[in-house]
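Order of writing sets the labels: A, B, C, D, E and F. Residues in every chain begin at 1.
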Amino acid sequence: MVTVHLVVPTTTKFEFAAPLSYLEGPDLKLMESHLERGPASIECEYDELVAGPETVAAAIRAQNDGADAIVVVCMGDPALHAVREAVSVPVLGIGETAMHYAAMLGHKFSILCTLDRRRSYYVDKARQYGLDSKLASVRTVNTPVLAIEDDHASTLDRLVEAAAVAIIQDGADVIVLGCGCFKDMDRMMEERLAARGLAVPVIDSPPLTVLTAAALARTRLSHSKRAYPIPPAKERPGYDVPSLKERR
Amino acid sequence: MVTVHLVVPTTTKFEFAAPLSYLEGPDLKLMESHLERGPASIECEYDELVAGPETVAAAIRAQNDGADAIVVVCMGDPALHAVREAVSVPVLGIGETAMHYAAMLGHKFSILCTLDRRRSYYVDKARQYGLDSKLASVRTVNTPVLAIEDDHASTLDRLVEAAAVAIIQDGADVIVLGCGCFKDMDRMMEERLAARGLAVPVIDSPPLTVLTAAALARTRLSHSKRAYPIPPAKERPGYDVPSLKERR
Amino acid sequence: MVTVHLVVPTTTKFEFAAPLSYLEGPDLKLMESHLERGPASIECEYDELVAGPETVAAAIRAQNDGADAIVVVCMGDPALHAVREAVSVPVLGIGETAMHYAAMLGHKFSILCTLDRRRSYYVDKARQYGLDSKLASVRTVNTPVLAIEDDHASTLDRLVEAAAVAIIQDGADVIVLGCGCFKDMDRMMEERLAARGLAVPVIDSPPLTVLTAAALARTRLSHSKRAYPIPPAKERPGYDVPSLKERR
Amino acid sequence: MVTVHLVVPTTTKFEFAAPLSYLEGPDLKLMESHLERGPASIECEYDELVAGPETVAAAIRAQNDGADAIVVVCMGDPALHAVREAVSVPVLGIGETAMHYAAMLGHKFSILCTLDRRRSYYVDKARQYGLDSKLASVRTVNTPVLAIEDDHASTLDRLVEAAAVAIIQDGADVIVLGCGCFKDMDRMMEERLAARGLAVPVIDSPPLTVLTAAALARTRLSHSKRAYPIPPAKERPGYDVPSLKERR
Amino acid sequence: MVTVHLVVPTTTKFEFAAPLSYLEGPDLKLMESHLERGPASIECEYDELVAGPETVAAAIRAQNDGADAIVVVCMGDPALHAVREAVSVPVLGIGETAMHYAAMLGHKFSILCTLDRRRSYYVDKARQYGLDSKLASVRTVNTPVLAIEDDHASTLDRLVEAAAVAIIQDGADVIVLGCGCFKDMDRMMEERLAARGLAVPVIDSPPLTVLTAAALARTRLSHSKRAYPIPPAKERPGYDVPSLKERR
Amino acid sequence: MVTVHLVVPTTTKFEFAAPLSYLEGPDLKLMESHLERGPASIECEYDELVAGPETVAAAIRAQNDGADAIVVVCMGDPALHAVREAVSVPVLGIGETAMHYAAMLGHKFSILCTLDRRRSYYVDKARQYGLDSKLASVRTVNTPVLAIEDDHASTLDRLVEAAAVAIIQDGADVIVLGCGCFKDMDRMMEERLAARGLAVPVIDSPPLTVLTAAALARTRLSHSKRAYPIPPAKERPGYDVPSLKERR
């Protein structure tokens, strides 16, 4: 039995564990936590930054409570490296994981994200992850995260349009949904794209990342502590974190 | 229930499904097939080549027999793209998959492969997969594939040595076992490296790739047929393949 | 006197040696062979694959029969590395050779190939050959290889159109014909492009590659056997190849 | 008259403005601030993260108080992009600036940083800044930031050794001091390296970055607000920042 | 007091020092020289070449006359490396300097240059400087250098148009003026672009490079003589240069 | 009949055409010219520069005198692009050509050049030609060009040593002689390397480049005038060049 803990790095209580409960069973259990202090949604570098401190604390608490793997549920992968420093169980971000799968499912992928201002951020991330040669483009739908739910139908329309442009003009053959909140739209997008002669896989990262984190836990692999050693002890007024308990 | 079919692209009947049966359960079933015509082991570009035709045929038969996902069990990923053209269920190679995980578990990974002559092959593959910026080095142990089993202890010694050099000199913080037949050595290597102050994760790809293939099948994702369309019908004397049945 | 042997890796008996006989003379003789088993034409990764085994065998026979250099006459360069492993005389592919010349004749080149599905293949090849920074684009004319001959005039029209787009939109200043069967169209294309104010060189690779192979043979250079060592002896049921005779 | 404000992103009151007062005059005035909440020093990704929120706030206050340019005085450039979002005056990090100068002063530069664990961080930064092709290596002296002052002589020795290795083995022809606290060592290092036949420039970034920030202010250039737009208004419990005043 | 000497590498007496005299003061003095032999303007590789020999001589004379830093005032940076070999004071080219600043002020920059034929030259330069990943595009206004002055208004119109296309289509968020003679247009362009909702910084390199050269001189940094050693003594009929005097 | 004209860009009358006369015959004739004004040898960026103007003039005269192709015989390829602007017949540099062949003959090549100070120059060139991913290293033998002839035996020794290090430590499987004056050493080096178990091809570029230039001329290909247009007419005091005659 593997417990995967979802850290949703926002103060808005976006639900991911419940909709993914269909993945649970005798082998897999999901947990979830949100932030008390941090951004309501993540749409700029400042949001990425202030999402970080409590995400790290939440991850430490999750491991202390028995999590076997942790998923940071935001496509921008806030604090991903700092979380890996802080804990020993495997930690995946849904952004990094989605890009690696996208690279395996086709030749070139495009990321569809919420706002124009986020484009460079994802280009940078693809480069940091080493996947820039697989990135066809980042395209946007100009929808703030907190508006997606109320605006579901028209967001879907814009995603399909953006995907079509990415496929036809940019040469993408795989589409990555660039916000965790676009969930439930992947299959509908695939159908509507296929109906236009543009059948490609559309990756909604959270379920895939949960199973990937579970795969790491089951095969007893985690990130390299040589790459991500525990932070050195020192004064950090205002940013003390819970101690990590020894794992059995 | 997901069925993952392992295509072992050699005429030697290397066993992978049986040792991985611990991964099986109500959600996962493993199948396996080998080649009748092809190389006894894969150690050069010519071996990669002649492993290909029957690997494609075996994959088509696997999908026709109900496989939900296919894994080509050789670190060189022979015929990977041709198999993706031929079938519609997701297809993973253990080489490509291992490299993507390695990129997520640390900053730089090294691949330990069997023979010096294989070094450039893996450098090329890392570049093709877009992961060259994450590759620290390819190091070798000078052991032919068919000698690994008889030479288990000294192969392990050489792997540990090669890993130590990769970590210290090349800056690797993750190690990838560069031959499916190095299986069972990952945990022993981790322990011996840790005892030398060089604790890093060692990736044995087959179990991880099986669970990754299952993750794709469970989330109903497969490779892009826009990237890998079905081969056009034409004369190919000597290389006819079984027809792919419609999936329900 | 140098003998260059053309291996045409298809069962269709496309003629290359005869139309290139104008290059022959006291210094150069051309030979040619085709496949008995393999694809009628090469238009997908599966075709590349199944063209391979007999291409290797044909190359060994060619060297045994006295060839001083070998050219694999298909822009996809099927089995190129495996052939280099198998023989000691220099081996060139028309795809690789064309791209290197294109890189020397201008700043950016575009490849015009037969089918959309081939685009990624050539992008990958350019990357493998280290020339991705010189590749402006791969554009296609949507003509199956076997239809080129019957459809000569309209294929030429489409090639000119595709070249014009590559020059104007993609910034190409050199054009590479992406199929050996586009032969005879290079000069006509140059003229029609020049008439539109788009004068650029158009590379039809076979004659250039023949002379390049001869240049290697005359200067007694061949590929590095350290890079491409002879395949190790082993069982390969169904894929035995003729023995390579010692060269004098 | 240009006012350059130094934000030192630590709770330790490292002094930079006072030692750089020799740069002040009728054209240039320096200001400085430190953090109340944050890390005592910056030595891991978690430190980078928790240095961020107050660094942004300090930058906004600095602009509100009349700063014409802002320098974040830590080689890791914590929160650099978030600060650029938050303010409109030019913002430079001493890490990014040092690397760009290093690229102009030679062919390859090496960064000498405090701890082994920081190596990958700087490799990543060089890649993010687009300068990876100019980076010869990152080498370390294994000295915690807070120990530099007490350990000045032996730190200098280790820096000279590390620089010599970077020059001889890695091919560096420019050296970048990888910690703001290595200040005052640049000229001594140049002399000792020259005495060993290894004369190269050694870049101590703070004074250079101050003058560079002043150059931007004097020529009325700042970062692109199209690249770094103001963060959108939203709830961010615990991370409210001062409002940015309109500039005249 | 720092003296920055501007070498204008043309026989046309383009004035740069006088319009930049507003930068002079107790800390900074400007000098300027032009060529007797060389091109009237620089618009092709041959111009770059023949601008070189006297540019080197002018730089040596400048240092002998007391210059503390030298700026080669042409966006193509002719003879930049040869000048660095010849002198010991810091030498900057306005092209290289502009690109490094552009990389710091945004995510992607575009260069607007005079003629289509120059496009590849700047792409090559960006690659040589290591900044190709930051280059969005090179766009041109089809105005010969010597026509800019007479054609000021329409050149400005074309620059604004080209910038708009670079921003909207190519994703640039910083614009670099690709000819020293576009001076005085930077602020007007910023205003007109802002009026179209495309506010981005426009870099006119000469003033910025002057202050950057002064910053190097004031912090006693210069290019690495390990990277750019003095040319060896030998016969060079027709190309003798003045001897470099020892600096105090 | 094709006439290939060798422009040796030095005032020293190094002979290349005579030793290559064995390549001449009914199909190929060689011509040669040297400089009156320029460097005695090429060993720094200043030498590259001052070799340029007369090299361009010599190339124009060569074409006017009937040359069908031009080879610039210096590994640094001085003025290569300017020569291509100036003439319409194909122009090859021996440096660029050698690197492209090296990329085809193995996986990684090393260049052995004369002096340490030249190392970065060739690294830059490999990058400019797009071949940096194929370059294993540049190693040097510390022999000035003009000393090679008198010091033939010990230069050969040092070349063999440098090649051995390049093969063993840097992973080269092809060696490029990095100075035209190392001619005649290629076969001796191959033998001595083979005797040490390090058999690799050693490329002496001049004969290969001559045959390559002839191949271009025979297939009626030349560099793209869209990439290298004729220099615009203008005043260039001191650097007038002969007019290019119309070709038939």
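Everything that follows uses one rule, which is that a contact is a pair of C-beta atoms (placed from the backbone, for glycine too) under 8 Å apart; a residue touches a chain by one contact, two chains touch by 3 or more.
Please read all numbers here as calculations on a predicted model, not as lab measurements.
K.L.:
Just to be sure I understand: going only through chains that touch, what's the smallest number of steps from subunit A to subunit D?
P.N.:
Minimum number of steps from subunit A to subunit D: 1.
K.L.:
Quote the value, from 0 to 180 degrees and to the nearest 5, of the angle by which the CA atoms of subunit B must be rotated to coincide with those of subunit C.
P.N.:
180
K.L.:
Quick check on subunit E against subunit F: do more than half of the interface residue numbers occur in both copies, making it same, or fewer, making it different?
P.N.:
The interface is built from the same residue numbers on each side, given that over half of them are used by both copies.
K.L.:
Please work out the Cα centroid separation of subunit B and subunit E, and write it as a whole number of Å.
P.N.:
That gives a centre separation of 52 Å.
K.L.:
What whole-Å value do you get for the distance between subunit D and subunit E if each is reduced to the mean of its CA atoms?
P.N.:
26
K.L.:
When the centre of a chain is set as the mean of its C-alpha atoms, what distance in Å lies between subunit B and subunit F?
P.N.:
44
K.L.:
Which subunit C residues sit where two or more other chains touch them?
P.N.:
Counting only residues that touch two or more other chains, subunit C contributes 107, 120, 124, 127, 132-133, 173, 227-228.
K.L.:
Can you name every pair of chains that touch?
P.N.:
A-B, A-C, A-D, A-E, B-C, B-D, B-F, C-E, C-F, D-E, D-F, E-F
K.L.:
Using the touch rule from the top, collect the residues of subunit D that touch subunit B in their complex.
P.N.:
119-120, 123-124, 127, 132
K.L.:
For subunit B, which residues count as touching subunit A in their complex?
P.N.:
Against subunit A, subunit B makes touches at 23, 25-27, 90, 92, 96-97, 100-101, 103-107, 129-134, 167, 173-174, 187, 198-201, 203-204, 207-208, 211-212, 214-216, 218-228.
K.L.:
Of all residues in subunit A, which touch subunit D in the complex?
P.N.:
11, 36-41, 43-50, 52-53, 56, 79, 81-82, 85-86, 117, 120, 124, 127-128, 144, 146, 227-229, 231-232, 234-239
K.L.:
Where on subunit C does subunit E make contact in their complex?
P.N.:
107-108, 133, 171, 173
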